[in-house]
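Below is the structure I would like to discuss, written out as structure tokens.
We just call them A, B, C and D in the order they show up, numbering each chain from 1.
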Amino acid sequence: MRDKNTAALTPPMGFNTWDCYGAGVNEAQLLANAAYMRDRLKDYGWQYVVCDIQWYEPTAVNTAYHYFADLCMDEFSRLVPAPNRFPSAAGGRGFGPIAEQIHAMGLKFGIHILRGIPRQAVHRNTPTVTPGVTARMIAQGYSVCPWNPDMYGVNPDAPGAQAYYDSLFRLYADWGVDFVKVDDIANTEFLPHNPYSAKREIEMIHTAIDRCGRNMVLSLSPGPAPLEQAFHLKTHANMWRMSGDFWDRSEALDKMFALCEKWYTHVSPGCWPDCDMLPLGVLQLTETDPRWRARKTRFTENEQKTVMNLWCMFRSPLMFGGELTMNDDFTLSLITNRALLEIDQHSSDNRPVVSAPEKAVWTCRDKDGNDVYAFFNLKHEAQTLSFCFSDGDALYDLWSKETTALPDGALTLELGPRESRVFRILHKENKA
Amino acid sequence: MRDKNTAALTPPMGFNTWDCYGAGVNEAQLLANAAYMRDRLKDYGWQYVVCDIQWYEPTAVNTAYHYFADLCMDEFSRLVPAPNRFPSAAGGRGFGPIAEQIHAMGLKFGIHILRGIPRQAVHRNTPTVTPGVTARMIAQGYSVCPWNPDMYGVNPDAPGAQAYYDSLFRLYADWGVDFVKVDDIANTEFLPHNPYSAKREIEMIHTAIDRCGRNMVLSLSPGPAPLEQAFHLKTHANMWRMSGDFWDRSEALDKMFALCEKWYTHVSPGCWPDCDMLPLGVLQLTETDPRWRARKTRFTENEQKTVMNLWCMFRSPLMFGGELTMNDDFTLSLITNRALLEIDQHSSDNRPVVSAPEKAVWTCRDKDGNDVYAFFNLKHEAQTLSFCFSDGDALYDLWSKETTALPDGALTLELGPRESRVFRILHKENKA
Amino acid sequence: MRDKNTAALTPPMGFNTWDCYGAGVNEAQLLANAAYMRDRLKDYGWQYVVCDIQWYEPTAVNTAYHYFADLCMDEFSRLVPAPNRFPSAAGGRGFGPIAEQIHAMGLKFGIHILRGIPRQAVHRNTPTVTPGVTARMIAQGYSVCPWNPDMYGVNPDAPGAQAYYDSLFRLYADWGVDFVKVDDIANTEFLPHNPYSAKREIEMIHTAIDRCGRNMVLSLSPGPAPLEQAFHLKTHANMWRMSGDFWDRSEALDKMFALCEKWYTHVSPGCWPDCDMLPLGVLQLTETDPRWRARKTRFTENEQKTVMNLWCMFRSPLMFGGELTMNDDFTLSLITNRALLEIDQHSSDNRPVVSAPEKAVWTCRDKDGNDVYAFFNLKHEAQTLSFCFSDGDALYDLWSKETTALPDGALTLELGPRESRVFRILHKENKA
Amino acid sequence: MRDKNTAALTPPMGFNTWDCYGAGVNEAQLLANAAYMRDRLKDYGWQYVVCDIQWYEPTAVNTAYHYFADLCMDEFSRLVPAPNRFPSAAGGRGFGPIAEQIHAMGLKFGIHILRGIPRQAVHRNTPTVTPGVTARMIAQGYSVCPWNPDMYGVNPDAPGAQAYYDSLFRLYADWGVDFVKVDDIANTEFLPHNPYSAKREIEMIHTAIDRCGRNMVLSLSPGPAPLEQAFHLKTHANMWRMSGDFWDRSEALDKMFALCEKWYTHVSPGCWPDCDMLPLGVLQLTETDPRWRARKTRFTENEQKTVMNLWCMFRSPLMFGGELTMNDDFTLSLITNRALLEIDQHSSDNRPVVSAPEKAVWTCRDKDGNDVYAFFNLKHEAQTLSFCFSDGDALYDLWSKETTALPDGALTLELGPRESRVFRILHKENKA
């Protein structure tokens, strides 16, 4: 009986290029963010630097996909980084040199891929690693991504299919990849009437990682992953998206509370339902894209803290989406609250206690055995929340670092619009 | 305001190669069936000889699609007949010589196409008829057929898209094509959450036919076409499938009664909801295909007549699916009942009168103004049906050609398992 | 084979009390509207005066239903008019005296009922017309209306069920009822997973009308009636609602165009898909109801004409919903356009020709064989519509009564926001 | 912040009358089963004796509901036991005397109710416990059970609604009730388009139990409870049904594996997703019911063990459905396997490990910290299952009580049709 790897015993923390650079990131940008992480964040547990979609597409500059563009591909139908965007990849070295630099910073390196085999390989009918098996022979011709033109699904019943995935992950292992975000794969109910290959491709990828000789986090996108498939997802992946792409919109944040409530029982070591990237700081820097315009997050400061509080109380992976080097002090403070990050990394029994219209309360036990409570006002106006603790309890605020005694155990919180608070509970007996 | 063509003022009658030859028909088979039609059927109104799917695929031999096979294509990304299967197409003459021969028999010629542009054209990025517009520029990369790998949908918003369809139908007009069955297009609700281009491709094809300089029947497949889209279908096509593929199964026949009941109000000159091919006679001759095995229709003789009776009372197109040259006398008699075929071609006010579990009654007015009634026993055992006509009416049976008087107007019919009967009503006053 | 009655060979035209009085109308109000109809509208074809819901509920005063109120009921579990609201009903005379007065005006009388048997009869277990069969024995205990508390559905399999419906319609025939609007019955897909009795109750009611000895229009509510059930509805009813309640909102009017496009093939003598009441003039007079407030229709004058134009081009029943006696001149002019009303009553081949976003064109043939075209601008701003007629055609405007010649057949119409125009086409040859 | 009671810290174990007596159980039958439990089962942890539906209906004799029968009701519109069936209830003593006898046996007593207020109370408009509030004023007239005619839902917004539920549970507390199975309430998505009151009635019932002064288990029926509502169910109830009624059919058992896989993360103290009654032994004794016929369970012996193994590995409540006094030795042995019952009551980390077509493996940790594995062959023929343990592990079979050593850790199990096995794992280090 095969077990999953040990790559994600705690929720992965890192940076991902999508929210700031879309499909057009380059080597310099990637390394600049890595350097920032080494200097300012590593000490807090942040470690993954993840290069998102289409690093194999030479002409990608923003979020637009160039349908049927010529992609950089090796002799076994495997996509490789475009050297004009990632100069160190020249000479067939792939992401090896970049991974090496990032490892030298004490960090880990991740990449994004789309499930499947390049359509260009299939139509050129190029070889795969298996002698006699060409790309055409393992492609599932009707299994395509509804929003990106690069790949066909892989037919799990075709001889050579598993070997192709094995060859991909051996290549990534050679490069030194530590984290793979696989896309067009988590929403396995997307095309219910279609013979969609995604579910079995998850299984092939799990197998390929087990065989590749390197510990790698497997992250699945996009959501919504179907709750009914929780056991399958837990069996085969380290993290998976509960929602479609999360951006800095109040309604999306409200919806995330409902999703966390549905999925929280599936949070466990190695298995992390994923709230998606943190759209904080400076976003969407791809100036040539008419749909994107560089800007600060649209969330208010209260909402930014609420994002961090919910992600951590739920134990979501934390993947920062903004351009790190442009962080202001407030943004940096959000992701360097050591007490809060410890909740994300090491708490247990995390669960909602109250789920009412426009308010929520979550609780967990921190690594020292203390109860922790988070109170959320989801209204766009002020609201008073009450809660009963025990006589003599005291509350330590994880943001203000102030302690408040509750002689009679009764808490009455005046919360501003969209404000939230997280407290460690100091029980009388513990304090004695 | 543009009207549709006059190509199908009555329901088209003909022969189609799919039910007997799948994707593998060749020139000799096609012409042998045409010759039979000329000799035995033309006099009854049968006229279309239609070559079904994948005539451009050199290696097709049965119903199997060879995923990503090399297709025969001209310099403007248009598919052309494979000369190894259609020798007269050699030298770039396409279907011209075959159409010419069929026209010389006094018949008409039809072909099958899939909506869209060949994927091979897109990935090779070959030219289209519009200077500067390549295949890649007009393809819809996410719009693919769920059961066949040949095409991408055409993006209706791309410059050059309409011109591409125009170039296709001008080519077909040059060849002398009279009938085009377009596939992967009628079930426009197939992928409801997907940006599927089929609906607007129907409109582009309608426009291309109007511009091509030749009268052509436009037939859409496969069904189920959505009832809610009836007005759109009537506006743009001559016939469209109400169901998925119809084969010789009792349950499918039962279901067709329900479909006819839903669609009958949309039957009108130029607009023919389609019950699909007649799976009669000898079927599935593609011996190399493990899924097919040459055989006679599975329908009983009663059911075979019921098929003909329903198709004609509803005024469906009549497309024979068996290998014509292998017809026995009974099969030939089914499709040469002149009185019944006249109902199909020239009756009016066709409608269900009774729709009850396991029985049905349909009526219409024939071209001479007589009432016609058809009685269907859908049980697999005998059943008695009763009906009230007027005193002194008489019934002329369209199959037995016998007349029965009804002195008191009361009809009591003993029908065998799955049997049906069609009567012309002779009213007393008319007989005087 | 039983045919439906001849009560609605043309679309019924009349007045209904719901839009102005909700559930609280009284005898004086009903008769005042009848008198207005006699004096001002009868000459144009208006004839039905219909008393809507809950005339058997003594305390009803507006649109509110008093859950479980005591209802007026006779000895056979049949509801009868509340004498405090309809004084002439005292002494067990029911609606007889009112019907008599309305008939004396040369008009016809209609009532509203809910399918089923009163819950109060079931729980009191009162007798029905069948000896030995009590209300309890024919009720379907789980078949209830989702918005009104008065009735249980009738179990079609219970002995005495049909007899109960027969007894209802014999009573209505005795009263002199000409039109019955049956509610909670047309949307037969409302509770798909429930053993809902509505479909078979339609059949029982059809039978009861056939047996009652009086010609009565059967009108079914509320919609949306399912398009898939068109044949069943046509077999058993004279009119049925295509939509939920129609009120004076632009979006509802836009939606009605789509519904007419779906249903138009089912319009035929005796069978009238129903666009619902005309919410014109003065509406919602029930002052004690906090949700209603007496007011003029919210439709602009253009929209009011558009409502009349669409209803008539489609051949919908016309049931005026406003308080007739409060009509101003404009409102009266809307419903006394004789040429337009003749389209509603006597045209043929009515159908959409153009269905595009924010515009529509409908056509039909009037009773003299002239083509009629209606052009609709559905935008909330001005729009130009073009259309090609034949050289030398002329257009007669049914509202302005002006004629415009089209020397070259080309029509260019400047239409204001939400404006529509209806023209009779005068062909050159006809004019000669 | 209110917490749930402590009534079900382990999964409730008991007997329920439905599977053997339907709606017609009587006092003697109930007490005979209680006596059996005291004598043969109590020592193994079985304790609840639950009287299922319609104890308030004097004429109930089997599974048929007599629509609108006269029910026994007290002066505050509360249903009480029918004295002809439960003689000790005479004189207004309700279930008090029975509860007292059962308590005297060292057991606990439970009853079944339907959410809502009797329809007979509503139509008679009888008082409730709140002065001035009658039954009619708190009923939700459109909220009815789709399969039983007794009740209306309670309108949660009506003054007096909570007080009515409070009065019910105070009465049950007075009687000495320890367990309440509330029906027509768990499948809160049953009527999605309907203003169904069930969800908020769950909340009212939770509140009423908190206020009633007695610890009571709250069990919700029928399923399928919606997985999306897991948090709501856990907040308000002790157990809830994952499925519709479970009977002794192989397909239903197969389906239960899938349900357990979906729900297992929600199993926790006080919160028990419920596999439903155990249809074992002798069932359906209601001889007057044509649909039921006294019989032994249809499950094979292998399947009967599989039921017990799955229910216990999942930690479902265990409610025996057969007539206890007719148990044969095999049946008794099924429910007195002390080691297996301890898994049900005291294990942790229960979860599926393998979920494949026609086989399953579940694991948990027993109260002594040993790993436990259950292997299920779901095929109707023999099957070999393999699994890898550690070198030197040994397996203790919970049914045969034999121990098998696995020198190299490899287990190969030959399982008969539908057979399952449960093993406690003895790790080498533990054995030392």
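Note that a contact is a pair of C-beta atoms (placed from the backbone, for glycine too) under 8 Å apart; a residue touches a chain by one contact, two chains touch by 3 or more.
None of these values were measured; they are calculated from a predicted model.
Note: the chain lying farthest from subunit A is C, by mean C-alpha position. If each chain is reduced to the centroid of its CA atoms, subunit C and subunit D end up 51 Å from each other.
Rounded to whole angstrom units, the spacing between the C-alpha centres of subunit A and subunit C is 57. Taking each chain's centre as the mean of its C-alpha atoms, subunit A lies 41 Å from subunit D. Along subunit D, no residue makes contact with two or more other chains. Taken as a graph of touching chains, this assembly forms a single closed ring in which every chain touches exactly two others.
Every pair of chains that touch is listed here: A-B, A-D, B-C, C-D.
Subunit B makes touch with subunit C in their complex at residues 1, 227-228, 230-232, 235, 261-262, 265-266, 352-355, 361, 387-388. Interface residues of subunit C, counted against subunit D in their complex, comprise 67-68, 119-120, 122-125, 136, 139, 141-142, 144-147, 149, 190-191, 193-195.
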